[in-house]
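In structure tokens below, several structures.
The same subunit A turns up in both complexes below, where it pairs with subunit B and then with subunit C.
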Partner chain A sequence: MKKIYALEERCLGCRLCEVYCKTAHSKSKNIIKAHKEEDIESAIFIEEIISEKQISYFALQCRHCADPQCVKACISGAMYKDDDGIVKNDKKKCVSCLSCILVCPFGAIKLGKDGKTVSKCDLCVDYGKSLCVEKCPNNAIELLEEHYKKEI
Partner chain B sequence: MSLDFNVPSFEVIRNEKKCIQCKVCIHQCSNMVHVYDEEDAVVYSNNNKCVNCHRCVTLCPTEALLIREYPLEFRKNTNWTRQAIKEIYKQAQSGGVLLSSMGTPKTFPIYWDKLLLNASQVTNPSIDPLREPMETKIFIGRKPNKLDFDNEGKLVTVMPPQVELNVPIMFSAMSYGSISKNAHEALARAATELGTCYNTGEGGLNKAFYKYGKNTIVQVASGRFGVHKEYLNAGVAIEIKIGQGAKPGIGGHLPGKKVGEDVSATRMIPIGSDAISPAPHHDIYSIEDLRQLIFSLKETTRYSKPIFVKIAAVHNAAAIASGIARAGADAIVIDGLRGGTGAAPTRIRDNVGIPIELALASIDQRLNEEGIRNSVSLIVAGSIRNSSDIVKAIALGADAVYIGSAALIALGCHMCHSCSTGKCNWGIATQEPFLVKRLNPEIMYKRLVNLITAWNHEIQEMLGGMGINAVDSLRGNRLMLRGIGLNAKELQILGVKHAGE
Partner chain C sequence: MRYLIVGNSAAGINAASEIRTKDSVSSITMISKDTFNTYGRPLISYYLNNKIKPEDIYYHNKDFYIKHDIKVLLNSEVKEIDIKRKKILFCTKTKHNNDILVYDKLLIAIGSNPILPSIAGLDYNYTNVFTFLSYEDSIKLKSSITRTSKVVILGAGLIGLKVAEGLAEQVKNVTVIDLSDRIMSSNLDQASANIIQKHMENHNIKFQLKSSITNVNNTHNLVTEVILSTGDIIACDILIIAIGVLPNLNLAYKAGLKVNKGIIVNEYLQTSNEDIYAAGDCVESVDLLSNKKSVFALWTSAANQGKIAGENMSQGNHSKFLSEFAMNAISFFGMHILSAGVVNTNLQNIQSVTMKCQSNQLCRLNILNNNLVGFIMINENKRAGIYTALIRNKTQLSSLAYDITNHQNSNVGFNVYSTTERKRLLDLANIKI
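The block that comes next holds the complex of A and B.
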């Protein structure tokens, strides 16, 4: 299964991935309407690491774990792993207990803007392509096979 | 002084209907032009900080940004232009020498645009490069006046060292320090893939780049930064830099803030110290002195590498080139008036030197007349903008060209002329790690390869049109050129006839 990998050494922290994530998950699929009219939380977020020498960034999103804690913790069965191995969230079943947010070891699940549902990466399966990967200006987010090891 | 007389150069126009407050522009601008106001939830722009590098415009996901020249009118006066007035304000404020980057913006004649190429019609056939062989490979170096063969037809003459190039295009000297490590890596990898050369510039060669040695020309300039035996032997040729087209007669200055750990190790100078290249080489005061340096470098490399000498195109370029050829150089590099730079005093950049076309024509002519044209290759630089400039340069007598600005433009440079600030938003002319990152060599070297591949196709098309099947056969063939709108003196110097003649 292919997953989204963030390459820290290339990430510029421009946050375009967040913009396109919101667009891909909007109803309108229109970048301006998605931001001005719809209230969506991005499922990918840029983390900043500020050290003395420099600031570095990386994009954080669901790792689609083999043994996902969030699925185990979910009390309503909203969080599930589909046949392709993608961890998904069924908003209709979600009861906003937020257990998934508590147990996620990566901090990759966020509370949605509505304060009720959670927002997480679904690899844009409904959209057809991972927009964050496609639009990253520096190829800092890549869709790669699971056992990909970065060449040093 | 509290009041700055200078008004902004550019105005940032934001289409509020399109702006989604994603703050990408804020995160990308190293000049801190864009500011987010939490209270009003809007992004403001400080026009006076904008250098018009287009980084925010290019990355804005909704095309909400536009930058234009600041529309404030000065009273019309052909003599006291906006530029002239602004420069005085700037100097009255700072008390300093005006600094500029990239090539001169002044309206000097561009002779490439006043030369037209020939094509075959009826009496001689044109060649289709897609169907027939078309050679763009060239060799840079001293050529013997005649070749001797033994009875079996094998070459007996010992050939002087040559640099083999698949295309007549190389990447100009741009030092590590003036441009970033990632930019250097992109140039080195592109040169390797294309089978041509890039030039280290005067800043030495980073250890990580020794592996690209077969496609590297190492430079020895007046500052002698990073020069040692291993360095001299690392590339395929050595270039002695006497002058640069953008700033003939003066040296260079890399500010200490650009000399970080890595640049310091490469240049062999302390971290944070200014790297000052003197105006002259302090051991070269004559052609004889130049000969000594050429031969010390040849000794160091066991006569295995050609030695280039680079000069700025100046008034007596032809006589100087003749001296350089006689001093033992294997190639002469001429850098013209419109050539680029990371930083040069504005007055020097805009007023010193001569256009490369005239210098090239007169040097080729002079060397031919003296019967020593074979002893050197001629490489020209200084604002080569496209493939037709290259074809015209070859027809005027050049062996190859160097491209600098064009290569940087392929890497994302938007010609904002702000290299000297060290805050290049495209990750080219900067040493700030968070800016350098923006130039991903993996993406960028392919853009360089694309550019040169495309130009090479175009060169082949133009050669084919003229019925010529090798770059070598066009060299110095000025009958393939005609001038348009040039006066008799210009035509005489260029050695071409006027269109219609």
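The block that comes next holds the complex of A and C.
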């Protein structure tokens, strides 16, 4: 399956991916409305790495694990791996118990701003394309086949 | 191949799914005394206070069983396993005769039963005495309460407190009684228990700690009052017993399988009979932190074991179940609690670091010899999953790029790991363990 890969050496830390993630997951799909009117948690987030010489960044999002702990921890059956291998959260079934957050080893799941469901990367399948990948100004986020990633 | 799964909760359903992904042709039958298809057991309290609709309690929709060709026999209690002839004897609620099913591989995933202490004057057949472990229990309880109900709950553990939360806004009063000096004594330390207790008291729940019920008064086969060890008398028209659970071992024991605290299994979750596996709350596992044999009544653990047992039943033994440790995510009236591992800070040599402590928020890490061994978080979840992984992997804290006990680093997430370690962990995500 294709997954989103963040290339640390290219990331500028501009956080545009977060902006577009929110847009893609908004009701309006409009960048201004998504930020001004809808309160959405981004499913991709920039993490800072501070060393003595420099600050660098990388973008983190759900890894759609082969053996996802969040799916097994989910008490309601809301978290599932679909036939394409994408780990998804059914917001209608989610009771926001945070069991998934307790076990995700990457910290890639966040409690939604409304507190009612959790938010995580779904590769934007409903939107049609992964907007964070498309909008990254430095091509630091790529949608790649798993085996291809290993070669780079 | 005929796969038979006894029990239809977290372990059973995950085993069935896993078997089907590995074997598309063989027959898979789940048999359970439950009336309902697999449901999210922890959701029964959400049903109690109408936070979910009845149709949303189910773990999978009905199409799942058709799509994966999994046969389910409900209302059917397995009475006996004949390990020599590889068949089971079961009895359905509507029939009086026993029926027989044969198997090639069997999974026992029948969970646990509530502990029912003997209390003077109390008969568990009284219609106002309840336990709270199944959807049926929750339905029965919900239909029995009224606005004027005076509810007494024995046990301030996860189950007791979830019932208390579920009932608080629907009845006149709720009193929770526990022998311990704090609520959720196996999941929380004193400071965190105090925060949660206060929060629950603000929602009309009363607590009587360091107390037990010595006897109950009854009239016309109904409990009317409970008498506490402190001498207090509490009026009661609904009594709920929630002091804990014990693994359901009868079936395994009668079949001659080895049992101890739970059913004894090897690392592949195979019992002392090679064609019978066991998973979930009825199984004895090893506690990663204490190295002691222990029974975990945890949804995550049961789901995980079910999946591994299913894989081994269909593929031969190659997937190992590693040791487990206690962890819980639970919330009361909007207050979220995440805890894992060692929570008792009084243990020798444990260094307890409090990152945050306010009236409604807490983050406490328990460290032993350069390893994180436990944590408690209230209304805070940043890094929770990373902490859990640090415990599971016994990661040396000194190998991390950041000091997790330093407040200044509290915004650091997955980058607590060094660059090389981060890359290694990210690659691991693609590999099926």
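We take it that the second predicted complex is superposed on the first by the 148 of 152 C-alpha atoms of A that agree within 3 Å, B and C clash if a C-alpha of one lies under 4 Å from a C-alpha of the other, contacts with A are read in each partner's own complex, and residues count from 1 in each chain.
Simple rule for what comes next: a contact is a pair of C-beta atoms (placed from the backbone, for glycine too) under 8 Å apart; a residue touches a chain by one contact, two chains touch by 3 or more.
A quick note: this is a predicted structure, and the numbers were derived from the prediction, not measured.
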| item | value |
| --- | --- |
| Simultaneous placement of subunit C and subunit B on subunit A, clash or fit | fit |
| Contacts of A:47 with subunit B and subunit C, given as first, second, both or neither | second |
| Cα-centre angle that subunit B and subunit C span when viewed from subunit A, reported as a multiple of 10 degrees | 160 |
| Which of subunit B and subunit C A:85 touches, first, second, both or neither | neither |
| Contacts of A:111 with subunit B and subunit C, given as first, second, both or neither | second |
| Partner chain in contact with A:66 - subunit B first, subunit C second, else both or neither | second |
| Residues of subunit A touched, compared between subunit B and subunit C (which is higher) | C |
| Touched partner set for A:55, first subunit B, second subunit C, both or neither | first |
| First, second, both or neither for A:36, with subunit B first and subunit C second | first |
| Shortest CA-CA distance between subunit B and subunit C [superposed frame, angstrom] | 17 |
| Where subunit A meets both subunit C and subunit B, residue numbers | none |
| Subunit A-facing residues of subunit B, complex | 17-18, 20-24, 27-28, 59, 61-62, 433-434, 437-438, 440, 442-443 |
| Contacting residues of subunit A [partner subunit B, same complex] | 9-16, 18-20, 31-32, 35-36, 54-55, 135, 137-139 |
| Subunit A residues within the subunit C interface of the complex | 3, 8, 45, 47-49, 58, 60, 63-67, 69, 72-73, 75-77, 92-93, 95-99, 101-109, 111, 115, 146, 150 |
| Touch list for subunit C against partner subunit A, complex | 14, 40-43, 46, 51-52, 56, 58-60, 299-300, 303-304, 307, 327-331, 334, 336, 338, 340, 381-386, 388-389, 401, 412-415, 419, 425-427, 429-433 |
